[in-house]
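Everything on this sheet refers to the single structure shown next.
Chain lettering (A, B, C and D) follows the sequence in which the chains are written, and residue indices restart at 1 in each chain.
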Amino acid sequence: MRTLLIAASILTTVLALRNGLAITPQMGWNTWNSFGCAISEDIVLSSAELIVKWGFKDLGYEYVIIDDCWSAGRNSTGHLQANSTKFPNGIADVASKVHAMGLKLGIYSDAGNFTCGGYEGSLGHEEIDAQTWASWGVDYLKYDNCNNDGQMGTAQATASRYKVMQRALNATGRPILYSMCNWGDDAVWVWGSTVANSWRMAGDVFDMFDRPDPRCPCDEYTYLTCTESGFYCSVMNVVNKVAQIISKGGPGNWNDMDMLQIGNGGMQDSEYKIQMSVWAAAKSPMIMGNDLRKMDANTLSILQNTAVLSVSQDVKGSGAERSWRYFVPDQDKYGQGEIALWVGGLNGPGQYGDQLVLFTNTGTQDRRMNASLATIFFDSGPEGSAPQIKESWEVYDLWANRMDNATANAIINGNGTVPSDARWNATANGGYAGLPSSTEKALMGTKVGTIQPGGTLWADVKGRDVGMFRLRQVGAGKKKRDEL
Amino acid sequence: MRTLLIAASILTTVLALRNGLAITPQMGWNTWNSFGCAISEDIVLSSAELIVKWGFKDLGYEYVIIDDCWSAGRNSTGHLQANSTKFPNGIADVASKVHAMGLKLGIYSDAGNFTCGGYEGSLGHEEIDAQTWASWGVDYLKYDNCNNDGQMGTAQATASRYKVMQRALNATGRPILYSMCNWGDDAVWVWGSTVANSWRMAGDVFDMFDRPDPRCPCDEYTYLTCTESGFYCSVMNVVNKVAQIISKGGPGNWNDMDMLQIGNGGMQDSEYKIQMSVWAAAKSPMIMGNDLRKMDANTLSILQNTAVLSVSQDVKGSGAERSWRYFVPDQDKYGQGEIALWVGGLNGPGQYGDQLVLFTNTGTQDRRMNASLATIFFDSGPEGSAPQIKESWEVYDLWANRMDNATANAIINGNGTVPSDARWNATANGGYAGLPSSTEKALMGTKVGTIQPGGTLWADVKGRDVGMFRLRQVGAGKKKRDEL
Amino acid sequence: MRTLLIAASILTTVLALRNGLAITPQMGWNTWNSFGCAISEDIVLSSAELIVKWGFKDLGYEYVIIDDCWSAGRNSTGHLQANSTKFPNGIADVASKVHAMGLKLGIYSDAGNFTCGGYEGSLGHEEIDAQTWASWGVDYLKYDNCNNDGQMGTAQATASRYKVMQRALNATGRPILYSMCNWGDDAVWVWGSTVANSWRMAGDVFDMFDRPDPRCPCDEYTYLTCTESGFYCSVMNVVNKVAQIISKGGPGNWNDMDMLQIGNGGMQDSEYKIQMSVWAAAKSPMIMGNDLRKMDANTLSILQNTAVLSVSQDVKGSGAERSWRYFVPDQDKYGQGEIALWVGGLNGPGQYGDQLVLFTNTGTQDRRMNASLATIFFDSGPEGSAPQIKESWEVYDLWANRMDNATANAIINGNGTVPSDARWNATANGGYAGLPSSTEKALMGTKVGTIQPGGTLWADVKGRDVGMFRLRQVGAGKKKRDEL
Amino acid sequence: MRTLLIAASILTTVLALRNGLAITPQMGWNTWNSFGCAISEDIVLSSAELIVKWGFKDLGYEYVIIDDCWSAGRNSTGHLQANSTKFPNGIADVASKVHAMGLKLGIYSDAGNFTCGGYEGSLGHEEIDAQTWASWGVDYLKYDNCNNDGQMGTAQATASRYKVMQRALNATGRPILYSMCNWGDDAVWVWGSTVANSWRMAGDVFDMFDRPDPRCPCDEYTYLTCTESGFYCSVMNVVNKVAQIISKGGPGNWNDMDMLQIGNGGMQDSEYKIQMSVWAAAKSPMIMGNDLRKMDANTLSILQNTAVLSVSQDVKGSGAERSWRYFVPDQDKYGQGEIALWVGGLNGPGQYGDQLVLFTNTGTQDRRMNASLATIFFDSGPEGSAPQIKESWEVYDLWANRMDNATANAIINGNGTVPSDARWNATANGGYAGLPSSTEKALMGTKVGTIQPGGTLWADVKGRDVGMFRLRQVGAGKKKRDEL
């Protein structure tokens, strides 16, 4: 069999033994999408400061990741060194300052001769490089796949190459989250679990919603045998790929759908909501990619929706299933338009836990969507045989408590009032590990109804938007956190 | 050439020389589908008792298989040990008790670092683990593919990994049936024959009939190059895959379509009949997966239809061919609906042996289906050239003698009468190896007609049901068993 | 670049240096299709006698090939030995007698642990087996792919395995034609040229014309990535595959489309003509597979059409191109029906050589088909730029001189008259290497017209039949053989 | 991430460090397409003379490449030697004379046992052969893939084979451009960058525009998993493949779309314009393949359009993106017809550089095509967010200044007048590296209009033709070269 349907909590412990990291999908921020090679100590540190200042840190965004182009190559002893113009005080100094802010530092390299940006790669230098990073205090490695010398093309070839760095990181003795970035090639989803904490499962996501681009030549139909994962992949391109391998992730090992483009300007607000929602439901790492210095209210209120983040960080670590998907006639200018239902199990006080229900509507028209309890709980018993169907379920809308712009601007501007239930302070409350009480709006959103036994959840979903709901068994969820 | 059309009985001997096991597809019961990780000595032994008590043992269901989650990892000497809570007396004790009941014990491990459930895998520990199991008296190994360290992606990589265990099992000197479970990846059907007694040929079958699920992303069109076999595969998904590789099985080496879901509640009775029928016709191992303690009459009368099991266990060991398949307009809610004809050779008293004819109708409507003798015997001479067409054939309906619920309940409840021809006692009669006499209803079902030379078999097949027939040459099958 | 467009005659020499065999596609007869495992010394020798008696030998059918099931395994010194019941005098004795008839002997083995029929394979025993065969006087090895131990799945894995036998055969010092039979897997058409004299390029051809069968799961659309070449492949299934790799064959190295089914009863006469014609045009080995003892006139007159064989054995060794192919509405009961044009260069007296034009019509209706000179000579200059278009061309119908049944029966029965131009005696005339004179009907068929410069060839082609023509430049072909 | 969006000029330096060659796509001429094996010293040297005489050299066509069939095998010391009939003075002498003309010499070999033409291959002889070529003064190696001994089928197998020659060439100390020709197999576009200066990315281009041919069996839909790249590929077949991997090229490493067929007679003038335009836009090497001695005016004026070559040789080295593509109803006789837009960044004086806009219309009808600034600059910000949209852009038609036939004939005949702005003398002006001034018609073509902020470029494009434009930001491009 392929996965564990029962006793997932036991598994969590077992798998996590490997390096103890990424028990829930990692959260953080990365320099690439906004800055590319034009990075600097100032950009990294000022962004880190904003992560703290604007409260992202307390929501769980923890890793500050320096992507490509930080390097000046190797010195005479073969050690990588930082570009002294961009990082005049070195990476160790940056790490020290990031740590002082209560955050962690990530760095980038490449399992090849050169990075994608043409800098020195780590292939053949794994041990010395891992030692270097550990000595600098690095906590996270994003490890890319460019210029890989042809050591690829089979799972065995690629895994062998990436395992060398795994061993090198482990040998440092420092806990370093290992984020493998081979773009989903060579069926990494099958074997990634014993190699890394996360693995990119497709090409680079561009800041666009569903436009096809020949540079991202594989769609969901050709995904599994794709030999050119590409870039300029749309959000929906990746969404429909991850549905096929959703079960491969689990505590300590995650399918990485690539960084969030939220706030970068190429999509409309509701499209960014879709990215946020599906990334959370699918248990992708949540790595922001926007220029934090240009943060606006809409962007902040998406990225800080802790009711959605609570799904991402749920202790069950179980990626949602795309239960169904249909094409719709109200297509956009690229001929795209579809509706889908995603469902998945969440931690909850009831006998069966809570349940996630996510409707996505990428058509241009608003529509009423529905899912019966039989459909929602199909995995627990097909065709109406699941016991959950006989229960009543409270429905919480996870976007209904989205922070309003006044509040978001108050955070950004450091003035005005931030209501206490606007967002969940994970730092102060032990993360997202506990059972969210139904009265905690920052985790549960807003209660919008109840489904009777055998009933159906109906939701009005606007065009190009989502409906994201958390179901809680009636009679199980009324206790407060400290009573659970 | 690829297969042997002539003198199959000789082959049986030759191939069987390897380890002498699974000369016909193995039969038994496995813990996973009903219990997952929540297994125990009690569940295993009480199920074994029911296998004996309810007569499954005498029908040929022989292996009691403990699936994943039995382990507590390795002890200080590197030996696997059972979880002492679940198996307080150890596996050897379970084996001993199972053997005392006249059954055999199977166990589970994984050709990777961890099992699918996150327990210790056997990769790199093949010899010591095989020795351990042999010392415990284990008779069967289900060997899974999770967390396989990237030693996959080509036939050579995967075969190399699985052959290590093959050699280790052989080295124990104990006959241990080797059930390879790499989900059909890396074209295992081509090379499995010299590695294992059976090989899973696709993803995990879920208790559903034909619903597509993105987690089982390959259908029959993408099967041969699939790199993510997945799970939540429907019965029909696997049926249409096995048709492509049906000839790869043979005595000692079988395509494994995964466990039977019969009795697990997600399908209707006639859909379970379809699974039973095609699994038997295709010569898949017949491993029950239901909770035996909750056995009901319908379930028992499917699993105990010895006229169907006689097809499974036929000494020719020749998987049936899907002669044709058409889509039909009377689709179900998932847009599925098709009809097909499967035919295959069986042991029989006539010059040409008996012949299996299986109609499947997955449309929602009842329909009359037909197959001419020219079609039924196409493999013996295309386009009307087969000599069998000139013969008359008696038609036996293999489901017509299905046990009625009163009889089934009498078995379950241990009261009432069980007619002598309700089922075939394989134990008492030397298995299924002999030629079934046409008067033995437990093996032949009910005679329903005769096809004249050049004629056609017509059958009324209900919606979502099967018609399964055994043809016997007129003049050849009237003798009794001891006269054959 | 991929092939040599110019100076092909030079190449012939260069490539042939390897082992000097199969300079034109090998011709012969094989036991499998008619006898399977039920072979014997008597069948082999009596068939060889018929090959001589009925004149097949003088037409070029040279190799008598014993397929699977001849073996009794290895003796105490590890040498393969023949089954003493089937071959009481041993294979060496058979070879000696076959040689005495002026024919050559082929044998079968398998690059695996067991043959497809379950006998001892040669994997790991290549040297001793090659030595054994050489010592017996074997001239030809068909080397199969069953039970291959998983040493497959990449070109490198499969080539490595087959190269071991190549070296072993070469080391014997005896010229042994090496016929590789790995069913077209692992892109053998790319690399086969330095390994073997021919390579099967697809699954086993069954005696049927165009019926799809799931056991031959790949069609022309999935051919190139097929991982289960299968068997029960129709003639048209293989035809549409070979079109894609036609240029891979050449003197000394041939795409093997599998044996001829002509005379086995599953196809109608005109369908067998199609197999004969396309196999010849595509430069496949021509290995008969029928039971020679049951030869009838129709079968003999197809297999002995030396005007078609002259295409097969043409010294240019250039496989014909499928210039176009269209589906037609007049489909058969399997929904199949298509028309196609094949063209190719042949040896000829004119400046540009002769040219083959082959129309295939697999629709059920008769139709008039045509090809302009611009299309026929497209490869020499696309879109009307080829110089050949400016010439006039005589048209010879290669099937018009097919032997009539009276003549064929005279051959079979050893009575009556055989006209001197009924067939070409290759033995007496130095094979097919010389330039056929336009007056030699046995090589040229019947002249049916002339195409003017810029003109078009029109041909009436019956349903499910071919039109096969040889074009000769006007003014170049009127000389007799000894004047050329 | 996969590529570098920022600071491309830095990258140029970094990647170029490898061997310093092909910083822009190589330009030259190759013997194969016109002469095949019928080559000679005279053909090579007389062609080189024409390259100089007719000014191709001064436009950047630098490499004179001797393709297959120059060899006479190895001498007693294992050194390759030239065919003494074709090259009576040896290759070193040819190199010396070519160098004396200010050109460079290329040679051909094969990473296999034999070349495609059947001559000695270099597999296993890499060091001695590289030394031989270096000693002869060779500057360029085209390294083919025929008869490769099965050392293929995975990226690793193929890369390993080609890397041996890479190291051998480097070891000679002589700068030798390494042009890998493995036909795009084994995903060479992913790993080629650290192995060679260019890599063929598909099968051989034949002198035809868009006719499908089964010998080039993969189209754009099956390209990425193609195992038979084939030959007789049309221009459009390759165009639609390169769109998927366009970003893999960059300074020092290029996707090679195969040689130009311009002037070979199989396409009409406007179709050759399409090949010239897309090859330049996609940054393919520009290697002429026509018989220079038969040069006509139309051919010369395409190959000498320096406004198009300036795109090819642009220092950004950034392949254009195929922004969209649609099928059109006005198909040709092969059922082909499509329109597409390609856009890409170019070096330019403005803040954002210049921008290439290329419309292709392969329909049979003339049509008006358009692209909005939002579409043209999509990569800089999707859905209207790019800052370039707010600027005005001058539009230069890169084909409007195509040399007229009188001028072209003046060049060919060595009489008449060649206007100074008819073509760019790269030799005299430091190549194409500088910023082209907007008044330099030889580089900029003819100004045809201006696009206002937020506006759209409209162009009338004839059937089976292109519209190729260079956009320059208003206010940025009016300076002369020496003022830039």
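Note that a residue touches a chain if its C-beta (ideal position, glycine included) is under 8 Å from a C-beta of that chain, and two chains touch if they have at least 3 such contacts.
The model shown is predicted, which means the values in this text are computed figures rather than measured ones.
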Maximum distance between Cα centroids and chain D occurs for chain B
At the place where copies chain B and chain C touch, is the share of residue numbers found on both sides over half (same) or under half (different)?
-> different
If you average the Cα atoms of chain B and of chain D to get two centres, how far apart are those centres in Å?
-> 58
Give, as an integer number of Å, the spacing between the C-alpha centres of chain D and chain A.
-> 41
Residues of chain B whose C-beta touches two or more other chains = 154, 157, 225
Name, in rising order, each residue of chain A that touches chain B in their complex.
-> 1-7, 10-11, 14-15, 154-160, 162-163, 186-187, 189-191, 193-195, 223-225, 243-247, 321-322, 325, 379, 381-383, 385
For chain D, which residues count as touching chain C in their complex?
-> 32, 35-38, 67-69, 112-114, 116-119, 144, 146-154, 157, 183, 185, 203-204, 206-208, 211, 213-215, 217-218, 222, 225-228, 230-232, 265-267
